[in-house]
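These are the structures, in structure tokens.
Look for chain A in each of the two complexes below; its partner is chain B in the first and chain C in the second.
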Partner chain A sequence: MKMSLERKTMLGYFLLTLPALFVFLMIVYYPFINSIFYSFTDWSGISLHKNFVGLENYAALPDDKLIKAGIWNTILIGLYAAIIQNVLSLALALALDSKLRLQGYYKAVFYIPCLFSILIISPIFGNIFQYSGLFNALISQIGFSHLAEDWFGTIRTALPMLMLTNSWQWVGFGSVIYLAGLQSIPPDYYEAGHIDGATKLQAFFKITFPMLMPSVTILTFLNLVNGLKTFELPFVLTNGGPGYATETVGTVIYELGFRQGKMGYASAISVVFFSVIAVVSILQLKLTRSREVEL
Partner chain B sequence: MKKAICILVSAFLIIAIFIGCGGNSVTPAPAESPAAQSAPAESPAAAEPAPAEKTTINLTSWYRFDSFYTSSLQEALARELPHIELNYEVIPADQYNQVLTTRVLAGAEQAPDIIQVDVGQMFAQFANDGILTDLSNEEFISSYTDVTKAALTHNGKAYGICLEGNGAGFFYNKDVFNAVGVQPPSTFAELLDVCEKIAAAGIAPVGFSGKDAWTLNWFMNPLIANVLAANPNFRTDRYDGNTTFAKDFRPAYAAVQEIIEKGYINRGSVGLGFDQLRAQMFAGEIAMTVQGDWIVGDTISENHGEDVNYGFFSIAFDDGNKGFIYSPATIFTVNAHSKNHDAAMDFIRYLGSYDGSLLFAEWKHCLPARTDITNINLPDAQKEYTAAMSSGIVTTEYIYTYTPASFHQINEKTLQLMLAGEQVDIDEALAEMDAAYDKDKGQLSRP
Partner chain C sequence: MEKEKRGSILLEIVILLLSLLVVVPIGYIFLSSIKTPAQIHVPLAMPTEFFTGNFETVLRRVNLPRIYFNSVLVAVVSIFFLIALSSLASYSLARAKNKMFTVIYIIFLSGFMIPFQSGMLPLFTLIRSLGLMNKLGALNVVQIGTFLSFAILIYTGFIKSVPRELDQAALIDGCGLIRTFVFIIFPLLKPATVSVIVTTLVFIWNDFMNPLLFITTTNKMTLTIGMYSFMGEHRSDYGPIFALAIFAIIPPVILFLSLQRYFYKGMVAGSVKG
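On to the complex of A and B.
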């Protein structure tokens, strides 16, 4: 039986994708499927032996104080990133969209932080905001020495500081995405609105925001997922402390899997967490996509 | 207005980057990376005809092995083992076990030729899984005390060399004590008096470094040693369920809580790293801390051998018992699956020999594990520690070795919460540690 040219071409394309597909399967799906398997075992992460424990790991999750703290903080970080950080990015984009001299320079300055590694940012912020750091020295100079804190070492300030550090890094990135969206809105729409007597606020809510919905969708998705996956920042900066104040699901998985030798248990959390992120992401995408406007 | 805000914000960002990169004045400059320093340096052997072929062996350590290498080991290796090239990698202590575990899991032959491993669970696991070479018949084994031999032994076979014994307790800056006019205390009540006087002089009496959480476990070790002095069978009793941490460990935690609640600690202690604590104590901003004796050697090294005027003291609680820890540490083992096994064995034989062990102890300013090394010039604090041990009961076990990691995590969190000014119910925290111990007891073997 002769194969049609189209089929041959398709087969050729498929064969060409095979190496990449193989690598992708090996580094993404194989570990993922493996972790589902490990979640039903008591594997320590070191031992060559593992025992099947059924649903024991999953049953223990709701009573674990460490996990509860990690989930609560992760939800707060996720919501902050998806809502407040998003609004900050939009505000910055609107500021940058005005007729500024050196606009390109400002865009670069605000974008640069997202190019830095967390490993660089963390000690910088750690030094600035520790008790004997620059920030406290500055506020002491202007008469507010009573407000000096160990900002990452105090229960009530550690998590908000972590969120602010994250914003410092990512708000600029978000603003560049929004800026691209803003600059793609045809000026005719604003002219039409102006002729119809729309105020600036009305123009924003009736023209700018609906036209920006594709950017809102993607940034909300990115911020939410990155917020929920937060790991490096608390791991390097606070190690989940003080106490449980900055534990996230990511740091909890690491603590249980690698420090406490409970890789099976940590895998169970990973599987549950993956499912939660997947569901939340799908819901969020559905919600925001439904509000997108086609040009 | 918008322009002004943009200019201000961007100026702040740029300044923050530059100032942040400058670091804090008390932070020691980071050491050059091991990779950078492992570049072939000019060695004395270079002038002589080079051996036909050099074998490169890999070593991982949580010590700044690079500074050991460049200070004295390089020369010794060129002289004693010219056929060996050492490629070392320093992994930070808090990530060491995880990184090593990952490599071993990837295949024992991928793991380093020489592996530093801590006594306890991981050592036993590696020995059990056949990853370590049996060194029972080597010369150095007979040079150790029975306690050290026991730490190196698993199922009747010895698997490593031991280079030092660790002590832990109150180490203090003598200059600060002299300036304030106080003497080292010997009871907890006297300690509180001393702290009050030091605090009145505007100096932080007791230093904590909560950012490096492992130091908090070490803070507790000497205090718990007092408890173990009162009940030397505690570890087996606890394993068999005949006692609890809540019952026996309370005085140690209550003492720490009292020190913290009275404000006798350094400000910002939760966000402080151990390197910063060392720098502040050396500068006289902190009078004392409770830690392993490495604080003395590390401080000497960081200050290029400058005179570090530190001393040691121990305190007793109400029952009058004094406990001390002297624990075998710094175990180096040979990977049984090493492709360079012979060369690795040559290296470990040299490092475990009298000359190699002396070289290490002199570099690290530590208590040597070999009993035949007696003519070493130790810092005052270590001499005082060695002398003090005869006044109390010495235990060889610190909490890492007889409790699961979940216990350490709760201990760290409890102390961090105390340091952060939270009201901590000690009984509740100890009950949590008991529950964690009972749940994860399967990870331990009976003491």
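On to the complex of A and C.
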């Protein structure tokens, strides 16, 4: 009698997960598994015929200039976000963690950009940093007109500008996460350190940083993965250009799959891309988790 | 002491100046939206009058009430079903002690590792073959699927902190599983529910890729696609874009300003588990 009741409850529990599981498998797993399947075919995306071509798509990837540029830019954006943007967030959080009159205002202002759509950020930055834009007008006012540039239209500056635009949107978000971490460190720890004669720098590396490790883990991970997934910003703002200067893996997949009708080929990149994201996520989590302070 | 005080004032000034990096571009949107086309090309010029032409262009070229309604509808419907599906599933995942449920939980969480772009092409063919092209339902189902991993992560963690005795007592008294969940557990999950709402709402409101892929007719457009329609390959119509941008900014910013605490807390809750 008891056994059957337990079994009934188990079945009930299982039924409750079914609707979510169904939608999830349909929207996330089914397309993903199909991507793997398409990657071994020459499908155009529209035609009724798909021919099995084995590893041909994968073999062609390393020689494709567009793909190489996309992968290289994506790696740069990911590393920039995980390291430099992350440090900027931490620095801002440390500054905000002191007794400031307008702390509430700063927290809100620095957070607000992450509420904006790429469709708002792109025209703002595209407009401000165009040749006849606000930024060049400002630097000309203070005598640096010779530095004026079409910032998103020049191969040398387009990618760094894209990274900075990304940072404008996300640095504040990161700093709010760090700030929460900082404020949860018990003040006694600093007092004890102070009594033992620790300098401010020592206190940061021996108390603050280790205690902040869980936030560091999550933000490094978030920044890296979101950096690697960068897609909408170059898609809307620069369309991958000038040349291949701001192509990312995301824009390359869209370009090849939807615009050039090479579904099979584009799927091969998707699969490689997934593998990279998966390996990076697992590695990154393992690496930083091991350095966390256990409380 | 005196030195420390001076240091803190200096820090305050530096941060105040830094905050201008955010305030100026936002102010620039508002100023540009009331500039005439000629003034827009002179970035340092202040608007001399309140020019309404950009707003008139927006109203003429897109059906603003309609696309606003579409954006709101997609957000509300998606989030309603997201919460229903994810909280129910999480209840089981948090309560059932069985290997199978651990596996299901891991399947959901593995969604974090699958980038949108990896499934983008087949997802497009799936939606097309389901006959959902140009239906707002396509956006709903994709949004729900996309955010299930996140919502289940938040809910499962939260439900584990709710004492088991509460629902066990109800179950033993013969209250059904769904009734127990709806009447006893779900009301206790308010903080998690608010976290899920504020976090996903902003992403769904701002989503651009899904409407770009699945919506081509003008009366099913969402706000982001409306803005995109003013952007050209080489030349963008900045006046109307900025005018429309104001409409897109206002709802999330108001929501954020009135629920700030929940935004910050939600982020922290989401970041604890990773």
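As a convention for this text, the second predicted complex is superposed on the first by the 291 of 295 C-alpha atoms of A that agree within 3 Å, B and C clash if a C-alpha of one lies under 4 Å from a C-alpha of the other, contacts with A are read in each partner's own complex, and residues count from 1 in each chain.
Note that in this section contacts are C-beta pairs under 8 Å (C-beta built on N, C-alpha and C of every residue); 3 or more make two chains touch, one makes a residue touch a chain.
Quick caveat, the model's predicted, so the values are computed rather than measured.
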Touched partner set for A:Leu96, first chain B, second chain C, both or neither: both
Touched partner set for A:Asp150, first chain B, second chain C, both or neither: first
Residue contacts with chain A in the superposition, chain B compared against chain C: C
Touching partner for A:Tyr80 - first (chain B), second (chain C), both, neither: neither
Touched partner set for A:Ser44, first chain B, second chain C, both or neither: first
First (chain B), second (chain C), both or neither touched by A:Val23: second
First (chain B), second (chain C), both or neither touched by A:Tyr106: both
Touched partner set for A:Ala180, first chain B, second chain C, both or neither: second
Which superposed partner A:Phe273 touches (first chain B, second chain C, both, neither): second
Which superposed partner A:Trp170 touches (first chain B, second chain C, both, neither): neither
Set intersection of chain A contacts, chain C complex versus chain B complex: 45, 95-96, 98, 100-101, 105-106, 109-110, 112-113, 123-128, 132-134, 168, 239, 258
Parts of chain C lying in touch with chain A, wherever the complex brings them together: 8, 11-12, 14-16, 18-19, 21-23, 25-26, 28-29, 32, 41, 43-44, 85-86, 88-89, 91-93, 95-96, 98, 100-101, 104, 107-108, 111-126, 141-142, 144-146, 148-149, 152, 171, 176-178, 181, 202, 205-206, 208-209, 223-224, 227-228, 231, 233, 236, 238, 241-242, 245, 248-249, 252-253, 256-257, 260, 263-264, 267-268, 271-272, 274
Parts of chain B lying in touch with chain A, wherever the complex brings them together: 2-3, 5-6, 9-10, 13-14, 16-17, 19-21, 23-24, 26-27, 94, 97-98, 101, 104-105, 121-122, 125, 129, 210-211, 213, 267-272, 404-406, 409, 412-413, 416-417, 419-422, 432, 440, 443
Chain C-facing residues of chain A, complex: 9-10, 12-14, 16-17, 19-21, 23-24, 26-32, 34-35, 38, 45, 92, 95-96, 98-102, 105-120, 122-128, 132-134, 137-138, 141, 168, 172-173, 176-177, 180, 214-215, 217-219, 221-222, 225, 228-229, 231-232, 236, 239, 249-250, 253-254, 257-258, 263, 266-267, 270-271, 273-274, 277-278, 281-282, 285
Partner chain B, residues of chain A touching it in the complex: 44-48, 65-66, 95-96, 98, 100-101, 105-106, 109-110, 112-113, 123-134, 150-155, 168, 238-239, 241-245, 255, 258-262
